[in-house]
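If you scroll down you'll find the structure; I have some questions about it.
All chains are identified by letter, namely A, B, C and D, in their written order; residue positions are counted from 1 within each chain.
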Amino acid sequence: MNSSKESIKHKLHTIIQEADTPLGKAFDIILLIAILLSVIIVMLDSVASISQKFSQIFFMLEWTFTIFFTIEYFLRIYITKNPFKNYIFSFYGIIDFLAVLPTYLSIFVTGSHFMMVIRIFRLIRVFRILKLGRYVGASQVLRDSLINSRHKITVFLEIVLTIVVLMGSIMYIVEGPENGFSSIPRGIYWAIVTLTTVGYGDIAPTTVIGQFLASIIMIMGYAIIAVPTGIVSSEMIKSENKKKVHLNTQVCENCHCDKHEDGARFCKICGTALYGPDEEKNL
Amino acid sequence: MNSSKESIKHKLHTIIQEADTPLGKAFDIILLIAILLSVIIVMLDSVASISQKFSQIFFMLEWTFTIFFTIEYFLRIYITKNPFKNYIFSFYGIIDFLAVLPTYLSIFVTGSHFMMVIRIFRLIRVFRILKLGRYVGASQVLRDSLINSRHKITVFLEIVLTIVVLMGSIMYIVEGPENGFSSIPRGIYWAIVTLTTVGYGDIAPTTVIGQFLASIIMIMGYAIIAVPTGIVSSEMIKSENKKKVHLNTQVCENCHCDKHEDGARFCKICGTALYGPDEEKNL
Amino acid sequence: MNSSKESIKHKLHTIIQEADTPLGKAFDIILLIAILLSVIIVMLDSVASISQKFSQIFFMLEWTFTIFFTIEYFLRIYITKNPFKNYIFSFYGIIDFLAVLPTYLSIFVTGSHFMMVIRIFRLIRVFRILKLGRYVGASQVLRDSLINSRHKITVFLEIVLTIVVLMGSIMYIVEGPENGFSSIPRGIYWAIVTLTTVGYGDIAPTTVIGQFLASIIMIMGYAIIAVPTGIVSSEMIKSENKKKVHLNTQVCENCHCDKHEDGARFCKICGTALYGPDEEKNL
Amino acid sequence: MNSSKESIKHKLHTIIQEADTPLGKAFDIILLIAILLSVIIVMLDSVASISQKFSQIFFMLEWTFTIFFTIEYFLRIYITKNPFKNYIFSFYGIIDFLAVLPTYLSIFVTGSHFMMVIRIFRLIRVFRILKLGRYVGASQVLRDSLINSRHKITVFLEIVLTIVVLMGSIMYIVEGPENGFSSIPRGIYWAIVTLTTVGYGDIAPTTVIGQFLASIIMIMGYAIIAVPTGIVSSEMIKSENKKKVHLNTQVCENCHCDKHEDGARFCKICGTALYGPDEEKNL
């Protein structure tokens, strides 16, 4: 009996956690659709005109999804070894819990906007499903590039923040409250809007000196954008090159050292002659 | 007689489908001008003040182009083997059909704006003409880069979409309907306008917390733009390098060293004579 | 006497055309300052409040600069061999002529805004002065990168133009004249403003479908910007690498072929053994 | 006694100038917090509503920080050899002096906005603290990339400035003062706002020709942004590669082949044993 319980646990594990079997794949697709649909409903529910018409359907669907997600939540606890350590207090465990909590709370508390928006964080759960798939490699490259360039990006962000604080303060003096620069934080907000080339136009310089300084910030912002781009580009090319080294499949017969350079004819570690890719074909 | 029919078919094929002969080139240029002119007429026809003055000239020109495109359409069917499979239901076949349909329909239906705009899709036909030419290589590199980086771009778009959904929802709570954030979809629209640094200014944060969050989104958008740029740059450099390697397939008979430079006549490692691409042809 | 005339001509040539002698350098700096000052005067003259106060000083300075540029123009004709072919009808010859013409014409014609702006094209003359200097190499790399990537950039621009024409037309139907999309050209103008992430906000979508389509264009524009960046980056890296090849200074003793790859030990053209950089040191 | 004075001087030096000892690290962290807090207070003090409520607390805190910075300033003079040459008139010396000056001046002069903003330049002092740390390498790469590409960036900025001056002048004629283009400098301001894709919308073209020219500037700005990005990317990749090459200086005794991979112990071309960096130390 215990073994059959184990077998059910194992089967559930295959369905919920893996995507290689047909059932596991089907579960993932159903979950994906449920998450996206429930998020779309939260969105539509916030539009006053739609909300009034379909409030009952939305209410029903929301409870259907919540019950489905609740069952899934408890199943995940059931199939995980050491659920407290490995699931409940992990990142996705908390997200899963927050995904169902607001609906249950809405029984006791009158549904506020705040509750509604927490439900939208369900969207993050999509990334767990996509983690199982061919996008792992792609997101790995992106993450590695960002991690490797974190020091450069930190320095870059510091310089950007210093520029916006200084320029925002100067513009506060130059333009003054009468032109919308009512305080230094507001000046900094304007400097960020300008440097990042967003340019809402809610605050715009009107004095000649203000427009001159703004022009300098804009051209600086235009040139500065090249820096993070250069950082990420060079990191990506580097990580691509690192991956490329694996294309050389030569392995030394003597010391089993691999990752030889293309064109190497002797092992770089022990000096034994290596078989080149062409020689292998001739054998 | 059949052979003369075949010969006409062959000649038409050379004119319509190929651009190497003077007649084929002339046909392509005339077609290009006709497409661009007819698109410009549709554009001008939508401007009320111009439309009133020249409506008769536009009507006449539109019918001239339509008849020309119709003849071209039937000629293309005539010269294609298995026209149903290879042309009529192909991408360009449908575009060609849609290019002439609205004008004929306008006899029966009073011309609406919608009909007019379908005619502008003729512009896509320009790409067929440009496909025959020296731009094939260039567009090949662009397409390959995009195809190779599709996984990374998918991951990138998912992250961007998640950010705009979450930030749009949070801003909906923070700013509220009184500041223009009347629903979550509208908040998401604002987040996209901000993250992509477009910044219309039709909706802009007015509260202090809203402006603070907006600043974070802007700086994130400023940094995030580096990611697709890095992806495409590294893909392009990779595909450039790949192209370079494939150009030379010489392998040394003696030491099996490959990846020789273009124009190499002796192995760079052992000095053995190499067979050049020209010599191979002479054998 | 003729030889002394030649000697004067030669000396003038050294001063005006070259920047290696102290006098030539001084002339270049004076000319640079004169051009920049005269351009600044044109700018200030267009500001109504400043123009009223200083009109007489501006008038005097403008004539001083014009006479200086006129003397320079005739000296350039004098020192050039075949001045008609080599200078007067060359790009810079025409710019130099247009730089002085408006001031003389203003005697006969009452000075219009149009005349004033032609004078600002003097600014282009700055590039001739900067051409003589250390910026030649840098601008060469920029120009080569753009020339080498012209096919790719053409394809890219075609795609961008097609997108803005199609999206502008669709938005003309979706939003309509009541929301500012009064014609297809205006819709295209809006699509360009949006795709390039400028986002003035003078025309902004107000319907739900319009805002949804606008969001797609924005995210497309955000991703598309990666393409020209990738093109130029990969071209620059390529042209940097090409320059690097020159670092290998091996020349074959037998056939005088150079530009060997790093690590080459035999001439790739005739198979003669090459001296490596290290071997040369040992000799 | 003199030696004990020297010992105090040495200890103070270790605490203030270095970050390797626990005390030095603690001092840096306290200084960092003091700088950031004092900058935040200046910011908040500029917000009218907050300033009224907390003016007394802000006044007290400002004096506390000023006295702390003053003590630090004199200690730095005390521990520096040749303080006039090495500290007082150096970049950071002047910044440190300006960081405390405005507060003392405010005793005599009634505090103006201008005084307040000078205090915000304290923020620059943060970079000195961060200079001691692991960000040196990262900022070195960024600085090297910018220094190496300064010629290209200068050429690029010249071209950008010429474009905005010419386009701004043309738009001044085309649109005229009635559409907000009241002078050439204002036209140039608009051209910068447009080319850098900021797009406030405070000035926007309204005539058809103006919108057509604006479209060209936008697409140009969209393509031009690729140039600085390409410059910085290629410089970064180059400086990354340079770093990589210098890491391994092994040269084979037998065939003089160099550029071996890190960790290589035998020549990859002829199989001769290489001296590793560690073995050299053991000799």
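Heads up, the rule we're going with is that a residue touches a chain if its C-beta (ideal position, glycine included) is under 8 Å from a C-beta of that chain, and two chains touch if they have at least 3 such contacts.
A quick note: this is a predicted structure, and the numbers were derived from the prediction, not measured.
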Touching both chain B and chain D we find A, C
Would you indicate which option in B-D, A-C or A-B repeats the interface seen between B-C, with over half of the contact pairs matching by residue number? A-B
Which chain has its C-alpha centroid farthest away from the centroid of chain B? D
At what distance in angstrom does the C-alpha mean of chain D lie from that of chain C? 29
Between the Cα centroids of chain A and chain C the separation in whole angstrom comes to 40
When you check chain B against every other chain, which residues touch at least two of them? 185, 188, 197-201, 225, 229, 231, 233, 237
Can you tell me which positions in chain C touch chain A when the two form their complex? 197-201, 229, 233
Touching residues (chain side chain B, partner chain A) in the complex: 151-152, 154-156, 158, 162, 165-166, 169-170, 172-173, 176, 182-185, 188, 194, 197-201, 204, 208, 211-212, 214-215, 218-219, 221-223, 225-227, 229-231, 233-234, 237-238, 251, 256-259
Chain B residues touching chain C - in the complex, by the definition given at the top: 39, 42-44, 46-48, 113-114, 117, 120-121, 123-124, 126-127, 130, 134-135, 137-139, 141-142, 145, 153, 157, 160, 185-186, 188-189, 192-193, 195-202, 225, 228-229, 231-233, 235-237, 240, 260-261, 263-273
